[in-house]
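Each of the two complexes below includes chain A, the first together with chain B, the second together with chain C.
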Partner chain A sequence: MNHGFEKRMSRRALLQSTATAGILASDMTLLDVLQQRLLAEEVRQQSKRVILLWLAGGASQLETWDPKPGRPTGGPFRAISTSVPGIHISELLPRMAQRLGDTAIIRSLNTKVADHGTGATIMTTGRVPEPGIDFPDLGATVAHELGRVDSKVPHYVSMYTATEGRRKGGPGFLGSRVGPMFLTDSLMPANLQRPEIITEIDHQDRAQLRGFLAAEFAKRHASPAVNSHNSAYDRVRGLMSSESLFDVSREPQALRDKYGPTQFGEQCLVARRLVEAGVPFVKVARAWWDSHGQNFETHQELCADLDHVMSALLDDLAERGLLEQTLVVTLSEFGRTPQINGSLGRDHFASAWSCTLSGCGIRGGSVYGKTDEDGRKVIEDEIWAGHLFATIFRAIGIDWKKEYMYGARPVPITDFHCAPIDEVLA
Partner chain B sequence: MKITREKNLSTPDILFSVARETGASLIYAGSSDAGVQAWDLDAEKPVRQDFAEKRHTSYVTGVFARPGQLISGAYDGTLCWWDLNAKTVQRSISAHSKWIRRIALSPDRSLVASVADDMVGKLWNAETGELVRTFEGHAQQTPHHYPSMLYATAWSPDGQYLATVDKTGIILVWQVATGELARKLEAPVMYTWDPRARRHSIGGIRSVCFSPDGKLLVVGGMGKVGNIDHLEGHARVEIFDWQQETRLHEIESTKFKGLVEKIEFHPHDNWCLAVGGDHKGFLMGINTATGELFLEEGHDTHIHDFLLDHERQQLITGGHNRLSTWSWSS
Partner chain C sequence: MAARVLLVVAIALATSPCLGDETAGASPLSVPEVARRIDEMIQARLDERNIAASPRASDLNLLRRVTLDLAGRIPTRFEIEEYEAAPVETRYEQAVARLVESPDYAFHLRNELDALLLARKRNDDSWREYLLWATRQNRPWSDIFADLLLPEPEDKPRASAVAFLKERVREPEQMANDTAVLFFGVNIGCAQCHDHPLVADWQQKHFYGMMAFFNRTYKTKKETLAEKPDGQTRFKTVAGEEFDAPFMFLNGECVDEPLVTKSDEERKADLEEVKRQMNDAEAPAPLPPPFRPREELVRLALKADQDRNGFLARAIVNRTWARLLGYGFVEPLDQMHSENPPSHPELLQFLTQDLVAQGYDLRRLIHAIVLTEAYCRSTETYENRPFTELDSFAAGLTRPLSPWQVSLSLLVASQNPDWFAKPEVRTQWENKRGELERQSISLSREIELPGENFQVGVEEALLFSNHPRMQNDYLRDGGDKLFGKLKGLSAEAMIEEAFLVVFTRRPTEQERQFALDYLTATSESPPSVRQNLLWALLTSPEFRFNH
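For the complex of A and B:
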């Protein structure tokens, strides 16, 4: 084994470790390199992860994080007290109510656009779409900033098994390397397994031969294109070896029971396995909250799922020491109207709605923003998608003022005039 | 049969239940403002009068009037007994751990049945408020691991049987005297689980009643739904010979979509009236001998409950922002 490879492997182990200090103490070589400030910052950033729970279709803020009991718009549910004195949330989230110590609630999103397509684009890219430029979504940006070129695991995994409102999202101008591995039909990525007609030995031999030929070719024709070509092979082999990450049967039954029997539960357990293995960004979409009819019954089902699974996920991350490094976000394309329609439904509403941030970099037990007594408008600390994205970037150590270059045009990573919400940051 | 709307009164609330003392002019309504309200429908311009005391904390989904007394049930899980003269609460009972969906008085008015999302049916002494019996047999969860709901209940005319119906299309008929299960029927079409596009459910059996001779059991809801974001299934009624466990008729309106929220038989005839709606409302007359839909009348908002006053030849409907009176003629 050559020295370079050994060094690279040690660094990878370091980056994947949650006990960085212990490894540092045992490896003076690494201590030397960490004296380089930029690399230290890279290490700090790269241990951060994001799990986005995408409540597709538009969850009701009134039945989740911003209840208005007793008001004509409030619906039939009670508000319940939480583990944080003074904060109340809907009775549909009893488990989360006992876990608000790690979670910040933002109740003052005004994103203005209340149609699914544009709303989803705004809330996944953090800005209004513009003709002529394809903005990266949150997952791609986080993957770009936190993913490592030599990573053997995917940078960005997105699970969306329902068909309604399914949008792949993507890397935009950042390029396909940080695009999502998009799982739509099963927990297991398709075509990841080695074909049965090829033995493992054959597989390894072929890789070695290809590697030898590629290296010889690169000696004579060194270029970014050649390097990219070779790294693509490395990534494919890495993905093939990460097949087990998607296999929840490898988890103890007791833990699987905690996540519950639903598909969303299994997907979130996979998400935990992925971030534990170093995947920077995992999106789990739970559709479909678009409750124009029977809003309250729909939320009884979907909130039961969200409450059970999200609380299990936060507990699991905390017990593994991963919550400090993992930001869990609940977000939709918009919220739902305070007005209750004739079908006991709520319609699209983007003027005053809620989301949550839990874990990494977040001041748990905080509430930011306020809506009026009927939830019809924001009356304190109104924010836009860009503020939320800046807050997410800051929480996970990404420079929210950073700019990308799209051709000759500088494109700020955060939308114009937006800054992090200090009040919800640790 | 012809039906004509006479009064259409607006209210900012959603009226889930209506009741009237026999022969009286006042209508009592259970409301989304967690209150009970009275309307004098004989007045030239009926005005809503709220009961000053507010004991419920959520939607009031069931009201029944007895002489001088009103019994109400609500999503807060409580049953209240009201003195109609003083309009104050005489008794309040924490009856269920989840939403009370409907209450029903026994034919002799001595017992109150309540059904709730804790999936338990309960019988209460209408005089004393004592718990008489519980009926447990509906599954707590849907087959897809989500909370189920117990929507409606009805007494047989002889008071010997009680029917309870749930979200997944299960109909249980109980022997009141013993609490034993007498029959189990199913109307699965009324429950739609979308496993692919939206991954949740909608529907359920929302209404139930026995025929005057006790032989038929009629249930209402809506048919299978494509886009479960909306109440877009066709209004649906199924008629059973419940003792023979035989489905006699399946009726779906081609004109109206939405849930059938309440069904009641004419006391001396072989037809029943079914009401409900999606964003708008409907009233349907059904010949239960033939399964024929002989009346389909629209309404401007969703109807949640009605009562037939045969002495007055009057129908009163309560629903989304509306209290309405109707007359009918054969």
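For the complex of A and C:
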């Protein structure tokens, strides 16, 4: 019953003989991408990537990037000066205030739609939803542009929160090849680990047996879909080696302390490990900013977490020389009303709100756009979701004028009439 | 009802000779005759273009293909035996005749229509029951269309057809465009903001004309659909001009709403009533207004088909052909307009007219298509011609299975094959099939619906490689499971049996030798090596695709 070593070897020798040669590259499961200096170096130099910090529910611009102290709409918090002379942000973000040198603030988003569902769709796809077409989200578009077909790491990892419900985005018409690997409560994606009931030897045998049968079929049935089936299976063993990327215990305790013990902190540390290994797009969602009541207490707590984790992330990326290749974005489905309601809350507001871009391709220490003195409307440089997306594409070197074909219809990756914002680009 | 059954029987028995006249009124062509006509028209084009067609696929290959297409699953071991025991000349036609009348046919067509019409946007058992009710009685496509657009809350199970509009009721644009895409084969979404840049047929007024039929539809607090007594659809052109949209069908035919003069009080009362219906679950069911736009749309769509400038029949013919052959006469399927002519206009017209004349009988259409030589061609790619033009239908196309085809086929393949031969299983097949259907749901939800340019994602490969259910559900050792049978066989017999059950064919000499070498590399092999071979068969593209 027990599988003797020599027996294993003869079966393995068979599978690796001429019949299967060339079907599978060398086995990748044992490879820890981060431990391979050369590979890590290559990844570092080549590709650009994005970490999206998604502030689910709608963060208040007034308690973050566009404070209005002393105004009726301003709330109780002060504005503080930052490492960039002339720029003030909310006192709830003291660490970020000291690190604005790599960050551009955009204060002039007017995205018009202030309900969670459509707002989230607009801000994750960069355009208004249309009947009859399912647009890809930002992560899928970046994965499509920057992900390599034979990559040993995922193209797109999305750590969403259960509070967001079904609004977790996806690849739309680009198809599941560039869809996200989802994580929610667990830090480990589903089906990335070999189940214990299958031995390592059997798992390898299966892949090689399948490779033989699949090659026979593909020889006689050449088609892109058949090829995609085989390349998906060919990626399995390699992806399984990326399991270690999701394991924060491999980081020194001192660094883990900097990110902090919160779920958001650990997820951002995972995000850094992923981009370091070459994952083009990682989304980390932090919920739930929807402060219809007690806006100020809510933001006191959530901003402290954001400030702590985001500054640790930017520091960590900078120290590793990764910030030049990594764009960090903070974004929500919308902002919050300047008007403070009867429950000391702020409601949904999409007419004048803020986001940030840090790192790769960005002119740090810049501010773009301006709202009026109470933050009720944009008075300078109003932009729409499409401008922001064009800017993100340009920052990471994607041709923002590119078009996809959806059936007979050309679909530009940037929404109509939108171009990048040169003022925030390096 | 009895009359309808008689009519269907009459059609099935009719074997009128072809008189070169396919117009309505003449006696209908027999199903094999329709198939022959299709092949003639395909062949005429191949001759014109000087393309040689691929040979017919092997018998077993065809059994697998047509069982997947008509029953939504691979054939059982028992069906394979039955097929091979039948005379070579007629076994395929016999198998097709059995399958179109089998309980599986209704289940599978239900699943296909569910994916087409709701695309898994909601889980709704009563909707699926409605579809099964419709496919079991071969309900005419025109009636299914009417059921969906005019759901009658008091008439079970037709009431459950409401799910189609209910899923889209928040946006009249969505109801209008999805109806146009799914039933009429045209995507007018582009014309929402401007006249279509390339297609003269599609102007803004077409989009808003369609939308006008849906603009008064709303959902009541009781979760039923109702229509407001009035309401004008307006639109703005790029130039900024505003227009009232007429109730206009895609062929340009309009319907005028009878003029009703109402006092301000009456209008206000109407508004109040709509508000009450939207907010009060206790409100008595709303009275249908005298003018019901969706009813007008159904009327115009059916009239257009009779007038031979319709969309409904043409679109389902194109979709059905594309589903079975892998490519439509018009591609993409939602671009059926004058700038995008069909590859075989005369054939599309012939099938459309036959469908309308024969009462929108989908079973007849499907039956005829799978009998054609075009459907039966090999999908293998040969030396000098890896691809032919897809729209010539000179070769079969390899098509990804749908999620439920994958899931059901896995269940069929992993079941002990002897189970399917038991007389009690066979007599209660409809119930058994229903059970398999339920068991297949959870895995099918994990698999992507194949769309245009489908690519298999790595999530699927990870699922099949690492999810414990693969081991526990499909490779389990037990008397009811295939593996339970295989483990007791000799290595040679195990290989034969596994290939036949999973791939519906016998292994090639090279495969036989390779598998045998693997299984017998050592004098004593652990059971897991047989499981490994079975896993490799089940995850091979040969299993994942219809070919």
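The working rule: the second predicted complex is superposed on the first by the 376 of 426 C-alpha atoms of A that agree within 3 Å, B and C clash if a C-alpha of one lies under 4 Å from a C-alpha of the other, contacts with A are read in each partner's own complex, and residues count from 1 in each chain.
Note that a contact is a pair of C-beta atoms (placed from the backbone, for glycine too) under 8 Å apart; a residue touches a chain by one contact, two chains touch by 3 or more.
Everything quoted here is computed from the prediction, not taken from an experiment.
Enquirer: Overlaying the two complexes on chain A, which is it for chain B and chain C: clash or fit?
Expert: They fit side by side.
Enquirer: By residue count, is chain A touched more by chain B or by chain C?
Expert: C
Enquirer: By the touch definition at the top of the document, which applies to A:321: first (chain B), second (chain C), both, or neither?
Expert: Neither: A:321 stays clear of chain B and chain C.
Enquirer: Applying the touch criterion given at the start, work out whether A:293 contacts chain B, chain C, both or neither, answering first, second, both or neither.
Expert: After superposition on chain A, A:293 lies in contact with chain B alone.
Enquirer: Going by the contact rule set out at the top, does A:205 touch chain B (first), chain C (second), both, or neither?
Expert: In the superposition, A:205 touches chain C alone.
Enquirer: What is the contact status of A:101 with respect to chain B (first) and chain C (second): first, second, both, or neither?
Expert: Neither chain B nor chain C is touched by A:101.
Enquirer: Between chain B and chain C, what is the shortest CA distance in the superposition, whole Å?
Expert: 22
Enquirer: In the superposed arrangement, what residues of chain A touch both chain B and chain C?
Expert: Touching chain B and chain C on chain A: no residues.
Enquirer: Quick check: in the complex, which residue numbers of chain A touch chain C?
Expert: Against chain C, chain A makes touches at 1-4, 7, 10-11, 14-15, 19, 130-133, 154, 173, 175-177, 179, 181, 190-195, 197-199, 202-203, 205-207, 209-210, 212-214, 216-218, 220-226, 228-230, 232-233, 235-236, 239-240, 406-409.
Enquirer: Flag every residue of chain B that touches chain A in the complex, lowest number first.
Expert: Residues 12-14, 32-34, 57-59, 75-76, 99, 144-147, 149, 196-202, 228-232, 258, 277-280, 301-302, 320-321 of chain B touch chain A in their complex.
Enquirer: Quick check on the complex: what are the chain A residues that touch chain B?
Expert: The contact residues of chain A facing chain B are 57, 69-70, 72, 76-78, 161-164, 260-263, 286-288, 290-294, 297-298, 300-302, 304-305, 340-345.
Enquirer: Using the touch rule from the top, collect the residues of chain C that touch chain A in their complex.
Expert: Per the stated touch rule, the residues are 171, 173-174, 176-178, 181, 187, 189-190, 192, 332, 334-335, 340, 379-381, 386-387, 397-398, 400, 448, 450-463, 465-468, 471-472, 508, 510-511, 514, 517-518, 521-522, 524, 526, 528-529, 531-533, 535-537, 539-542, 544-545, 547.
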